[in-house]
Amino acid sequence: MDYFNIEYISIVTGFLLILLGLFAILTQKNIIKIVIGFSLFDTGIHIVMVSIGYIRNRTAPILDETVNIKDAANQIVDPVPQALVLTAIIIGLGVTALMLAYVLKLHKEKKSLEIQNFSDLKW
Amino acid sequence: MKSIINDIKTRFEISDIVKQRDNFNFLTCKKEQTVSLITHLKNIEGFSHFVLLTAVDWIEEGKFQLTYILNNPDKKIDIGIRTFIERETATMDSAHHLWEHVATYQRELKEMFGIDFPGSPRVDESFILEGWDDIPPYRRDFDTKKYSEETFFPREGRTTNDPTEYMKKKLYPDEEK
Amino acid sequence: MVSPIHIITISLGIAFALGIFGNLPKKISAIIMLIAIGAITFISAQWAYALYFGNAETTQIFTAGFKPPYSINLQMGIYEAFFSLLINIIGLLGGIYLFNTLVKQGKNAIIVFLILIMGLNVIVLTQDIFNLFVFLEVQSIATAGLIVLHKNKDSISSGFKYMLATGIIAGLLLIGIIFSYYFTGSLNIADIINANIGLSKGGAVAVFLILIAIVLELKPFPANGWAIDVYQSVKPGFAAIISAGSASAAFFVLYKILPIVPENFYNVISALGIITFIGSNLIGIKQTNTNRLLGYSSIGQMGLLITILGLSPYLGDKLTFIAFAILISHYLAKAGLFWLSGIVKQQNIKNWSNLRKKPVLMVLFGTFIFTLLGFPPFPSFFGKWELIMQLSASGQFIWMALILVGSFIEGIYLFRWFSNSLKSENSKLPEIKISLNKFIPPVIFGVATYGFGYFAGTFVEAAGAINYIPLLFIAFIALIDFLPAWTKNTISIAGVIAYIFYLYPSVEGDLLRQIFLGIFLGGAVITLFSGYYYKGKRLGFYPMALAMFAGLAMLITATNLFEILYGWELMTIGSYFLLIRGKKSLPHGYSYMMFSLGGSYTMMFGFALAFAGFGNLDLQALSGITVYPTLAYSLILIGFMTKTASFGLHIWLPGAHGEAVADIHFMASAILLKAGVFGIILVLLGMGAEAIYAKNILFVLGWIGAISALIGNVAASFQESAKRLLAWSSIGQLGYIVFGLAMMSHLGWTAGLFYTITHFLYKGVLFLIIGGIALKLGTPLMYKMGGLIKKMPFSFIAVLIAIITLAGVPPLVGFAGKWLFYNAIISEGFYFQGVVVLFSGIVAFLYLFRLIHTIFLGQLKDEHRNVKEISVWLLIPVYLLLFAIMIISAKPEFILKPLGNYLISYFPTGALTWNETMVSTALGHWDGYWIMMIVGVMFVILLAWLIITNAKAQKVKQFNMVYAAERPFRPETTHMAHNMFAGYNKALGFLIAPYVTNFWNWISNFVYDTAGFVRRIYSGNGQTYVLHIVAYIMVIYFIIF
Amino acid sequence: MSDINNNTNNKEDKFLAEENKKRTVIGPDGIEFEIDPLKDYFCDQKPEVRDPKNKVVEKFINWARAESLWVLGFGTGCGSIEIPPLLTPRFDAARFGVQMRATPRQSSVIIISGYLAVKTLKRVIRSYEQMQSPKYVLALGSCTINGGMYYDSYNTINRLDYYMPVDVYVAGCMPRPEALLAGFNKLKERIKAGRAEGANEYAEKFDWYKANQKKIIKDWNMPDYNW
Amino acid sequence: MDNIILKLLFTLLGLFIVLNWGLLMSAIMQKIVARVAGRHGIPFYQPWIDLIKLYTKRTAITHGIMFYLGPVFRLGGGVGMFLFIPLIYGSEYFTNFSWSGDLILILYFQFFGMLGMALGAGEGGHPNSVIGISRGLAQFTTVEVPMTLAVISIAVQYQTLSITEIVAAQQGGILNWTLFTNPLATAAAMLSLLGAFRHAPFNLVKAPNEIPIGPPTEYHSSFLGVLRTNNAILHVIEAVLFMNLFFGGATNWFELILKSFLIYFWSVFVGVVFPRFRIEQSVAWFLKVPLVIGILAIIIFI
């Protein structure tokens, strides 16, 4: 099997990003860094999604002059994952934004960004 | 014994020391100092046993003499503390806080001599004489024979003899004659 | 019919509109929002109605006009309609409840709230898995948004943790979705199911990811720290929506995707569920914060539901009913409890006692708690019953046990909370203020629990025979609770008598049931009659007493095991509320409830085993249990013995009974305990004595009875309180009965049943009199009484006759019991147990003498010189009972003959033989009538002799006695009463050392400590929570693959 | 002279013991009421004369009474040491039907064994009154006769017969057990002769006895007759 | 009808004999005790004189109804036991009313008297009475344990609880007595008897010195007479019960008198030799040796 094709590289990159993001979330104490980790995690997922839908030698599912409308089904990659990824990106954006809003509030609260300082509720 | 007495002398006003036996001395002490002396004896000198408290009515001097006898069971010595109080007021500091049974002695003295020990437990309750309403019977101005005759319906015809004379007469009837 | 798509359009439209026309007054915005939710509620209600009654069919809505996989499709089936209705109702009522908060937080909060409800609706309706993801995210963003608007420092940090965790989970879900798309080429759930991707390895991983993400959305233990913090920190109104709405939606999602999951995952799902159920409940024990406690409870309930889904292969067509019954209970009760928490505004569970000042809220509180605990008549009871039965029928005994353990643990803390608020001090707590909008939602839910309870009952086949008339009557009495006591009393007596006449035909010809009907309902009339003594309203007494009697009656008339348990639980609730009326009864009532709860679970387990072997629930199922018979019979017996307070299970009784007032004490001891006896009789009749396991069980049972008798009687001798003395004495007497029944012979049963009857009679007398005296004198302590014979001669006579009977002194009827015991012991070979029982019978003299002496004889106290005889309302029933005793004494055949005839069909050998009034066994003989006559004549002659020789005796007063030439000081110092059997205590006091109490204390401490240890995993750090999630996934992954 | 008793209430209450004073108590129903212990706790009947039955029967009964003398184990003064030897092998009073009882209710003879302090007299009277008729008094020693060596004591009575009817005096200081046995025989003769009617005498001259008793027992503090 | 009257007359005759024998027996026992101590002791007719004196006391007091009824209950207990026990085996008339109940009736009928006594003494209001009763009851609980074991043992042995049948089974030679056929049960019961008769070492109930004579402290005059009458009857009856159960019963009055004397003598003999137990000691004692013997007595029949 050819390991150096584009699907493979992108999917591995995607998973690496996911793991990297998780690693950041789990190890970083600074909340901002955790949010960044989360973004990486999200992005990794998006890359994986796109690469799943990729079919070699086909083009993006955009119907312009390069794509024959009648034969579109054989020329373009699977459009669904791409549609999904757009939605996912938007949602990820929303989540990240909300997280950052939280970060702002948290910082206002305690003047600190260390996550262990926000463990008042427990047990 | 001697060292104890000497030691006490330096601390309290001891006026009169009578030696009864080798291990038994009487000291006379001021009324005000008596209880503290007893306390001292108990706590410092080891006279942990209170033997008795009694009184003598010196009617001529107008005084009651109180005698506290203490015992040191370790050294096997006794000590008697005498003190004089006024017969008129007849009040003495209570020592019941040192030994519980002192209260009983004080109760008895209150009943028999009318010596008051303010603060002593149950000191006003009757002890042996239930319902006594005369002057206390151990005071020497109380005439016990007269009281008995007035109160107890003496049986007529009772004669009282001096035992010595009577027995002499009975046992050696010839000697007189 | 309005299309379900409008659920989305209306919500979205209104939300946008509110955003655009942002300058509307806040109140108007909120009202518009409520109207919108009302509209979508109407839509889902309409669909639910139509679908339920078959007026409509499951409808698919294809957005954008394409079919899947090219478009998103929504489905409106019966389940969708129902769940959407649930969500919308909680949204509507929650919105009403939160009205003020939303208005205060402004437009954004209102919009987000609306979006949240809409998101939940779509989660339920959608058939597209990616759409599902999107709206899960919408829901969590909306939730986080609501949290962030909350503006409270705890809520912000918990909201962040929530975001983080849901973000990770959503990511996983997304990966799972995309992979499943990869394998199936479709996002439609139906297509994915058809593709059956679980078979390939990669597909299985995809399914795993989807599944685990959905499970994580249900907040499984222990990867759920983020969710619990949210429950604790947000306003209870929001928590209600999260707990009832979001969780229901998430549960439905799990239900929806379950067909995707390969069969071999099911066990893992149920394992996850049960771990959550037990784990969160265990930690709940340690909680003192109400919202956090409710959070744990919510998660626990969700765990139970997950378990049920995981176990669905075993549940067959009952799955829907079980899941719905438990879900609806959770939904109603949890929302209601969160709402109450918002009303009470007290974070600590110990501070809820100010709820007592608002009886309606208190009733609601109790309703919700009992709903959660699965008591009848609430739906969860039926759900749990069916669950256990179906599991048992499929042989899943371990799961049954685990579910019951989890339920019991949940009971521990919920009940502690409830009983605390019932009894603890409330003077320092602030008054509760309620506004109407906060009051209506919990009331609606409270009423709904009862409605659904009835509704659920119609689904359970075995519940068909349940008679709802008594329950309606109880409800009626509860409604007129504001009337004075005597009115309610009269109505209640009339009701009970009518019920006796109503029931009598059904027990005709069955002596056993007649006897117990007499004891239960005859006793009911007697106790209620004595209730005329009480002035005032006695709020809550009559409904509860009647509930107890209704439960007892249901026990008698039960035709199947379900009804037995139903009646049993009903009786437990009623008696609990009666017992807890005493002054210091809080801890005792609690332990009573714990034992009852545990007992009913063991019973349920045993019944389920019986069901497993027999195939239906008829009472015959008890005879010849084939599946684990030793275990099954033992468990059922243990269940019943919690009520007879047999040794080991008795520690609740002395305290609980010792604090109860006169007539309640009578009910509790003379009547209630007999319910256990009835149950034991049923079990033993079924079990028989031939099988090896039966012999073993009977042997143990016999010893338990004997030891109970001994411990009860010895301990009774050392009590200072008359009531506690009687309570211990009851333990002892019930020990005799259990022992008699354990002999499984004609004589043993005659003795046992005879004791059951006579114990009812004489204990009734004692309880009423002693209770009356304790009321009159204001203390149950015997050494504070004394010499009352001169003030209360009628009471004295009654007590005298009662204790002669109890002690078994001829010529009164108690002797018959002893005589039967002797004969039974010797003919059955129960020698050593028998000696213990007979020894305890003699020990009974100690406490009997103490009872009668210290109360009636000895020295009359200063304060009591002016007391009068106890109330005539107590004396009349007492003398009725005495009359019965005297009749039976002279004519024991009135009872013994029918008993013998009845028992001969069960135990053909060893019957009593009758020769006119002479009764004899193989061993001995006894003639009650002649003994009565002879003793009577002899007594009269001797009395005459004494009077002749001693005519002019001078009557003297109490201090005229020889006192070593002194005179007595005070009556208190002359009355020999306190620590009366000191010497005996020195010799035999070791018998009553609290071994059993220590044992149970050890157990409870162990559970508490475990809970304390386990809950340390919730460190409060968001990162740790993420780690939990990741580790959870890894572990389960490795377990599955 | 300071008042020896702090109790300066009216004369009647002066010697009344605390527990015998009237007191107010609150019943369990919250109503207050007064208690007079001497009336409420003690029977205040006076004793009655119980005449003998017809002569023949009485003679037989008296014989039985004489042969069954149950002695109250009550010792006063030094004579109480003389009683225990009665039951030893040397004297063995049981031969004559003399037995000791621990409670006055069951006894028929009380032995006043020596001097009587006023305080003891009160107990003696109480015990005597608690005995059931017919009952006999056997007085021992000079002290009971005329005070003996305590004739001038402020606290010891001189003549017992002023306080209770005495059947037999045994003189001596102290009389030995033999003398006591002789006293018992004398008592038996008296009973058999029907002359030992002390209980009736006590009832007849009750007021006189009471007056004498109350004269010296100043804190009377008990009902007139102790049943 | 004639039969009933005859039966009643014979029963009264039996009661008369038992009462007088009981009085005489107690006198003899007291004399024996006196002789042990080197005294002459009371005349043998002393109990009768005491009884006459007590019944002819001129005054009496009563504390109340229960105080009055207490002695009646007590004597009722004694007479009742007498009525329900067969005295002479094989005699038509001296079996009294034993047909109306068996051994269990006797065992429980003794409570009748105890209860009445306890209540009467209780109403007397005297703390000493109650102390005595509480001790008596406490001791009695464990005294009955070896007795119960022994009764179960012989009931298992003879497969009957009827006293007449138990006696019948022992007829025909001394070796048929329970004493020889079931020595363990006999031993347990005889130890129990010591407690039942309340002689030293088990006489703390009466304890003449500390709580003057215990329960009957307040009883006197005719009340005490009734109690003493009962004592006389009861001692014989209890001895007769043991005689019937363990020593072959009696076929004539002489045998009854001899056997009951010996059984009673056993307790007096022990009482003369041993000092008194405290209450917890006696309670514990009966739960040691006699209990073990009693258990062994049952084990041999399993």
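Residue numbering begins at 1 within each chain, and the chains themselves are lettered A, B, C, D and E in the order written.
Assume a contact is a pair of C-beta atoms (placed from the backbone, for glycine too) under 8 Å apart; a residue touches a chain by one contact, two chains touch by 3 or more.
Note that the structure is predicted; figures quoted are calculated from it, not measured.
Visitor: Where the contacts of subunit A and subunit B overlap, which chains show up?
Guide: Joint contacts: the list comes back empty.
Visitor: Walk from subunit A over to subunit D along touching chains and report the minimum step count.
Guide: Minimum step count, subunit A to subunit D: 2.
Visitor: Which chain, with its centre taken as the mean C-alpha position, is closest to the global C-alpha centre?
Guide: C
Visitor: Using C-alpha centroids, which chain lies at the maximum separation from subunit D?
Guide: A
Visitor: Which pairing of chains gives the most C-beta pairs in contact?
Guide: C-E
Visitor: Taking each chain's centre as the mean of its C-alpha atoms, which one ends up farthest from the centre of subunit E?
Guide: When every chain centre is compared against subunit E, the largest gap points to A.
Visitor: Using Cα averages as centroids, what's the distance between subunit D and subunit E in whole Å?
Guide: 36
Visitor: Hey, how far is the Cα centre of subunit A from the one of subunit E, in Å?
Guide: So the centre of subunit A lies 100 Å away from the centre of subunit E.
Visitor: Just curious, how far off is subunit E from subunit B if you go by their C-alpha centres, in Å?
Guide: Each chain's C-alpha centroid was found; their separation is 60 Å.
Visitor: Using mean CA coordinates as chain centres, what's the subunit B-subunit C distance in Å?
Guide: 78
Visitor: Touching two or more other chains, which residues of subunit E qualify?
Guide: 59-61, 212, 217-218, 221
Visitor: Which pairs of chains touch each other in this structure?
Guide: Chain-chain contacts present: A-C, B-D, C-D, C-E, D-E.
Visitor: Can you list the residues on subunit C that touch subunit D in the complex?
Guide: Within the complex, subunit C contacts subunit D at residues 776-779, 862-867, 952, 954-960, 962, 965-971.
Visitor: Which residues of subunit D touch subunit C once you look at their complex with the stated criterion?
Guide: Contact set of subunit D toward subunit C: 19, 23, 25-29, 31, 33, 35, 37, 40-43, 45, 50, 74, 103-105, 123-124, 126-127, 130, 222, 226-227.
Visitor: In the complex, go through subunit D and note every residue touching subunit B.
Guide: Spelled out, the residues of subunit D in touch with subunit B are 1-2, 4-7, 14-15, 117-119, 122, 145-147, 151-159, 162, 212, 215-221.
Visitor: Would you mind writing out the residues of subunit E in touch with subunit D in their complex?
Guide: Touching subunit D from subunit E are residues 34, 37-43, 46, 49-50, 52-53, 56-61, 208-209, 212-213, 216-221, 224.
Visitor: List the residues on subunit D that touch subunit E in their complex, please.
Guide: Interface residues on the subunit D side: 47, 50, 61, 64-65, 67-68, 70, 87-89, 92, 94-95, 97, 99, 101-103, 105-106, 108, 132-134, 199, 227.
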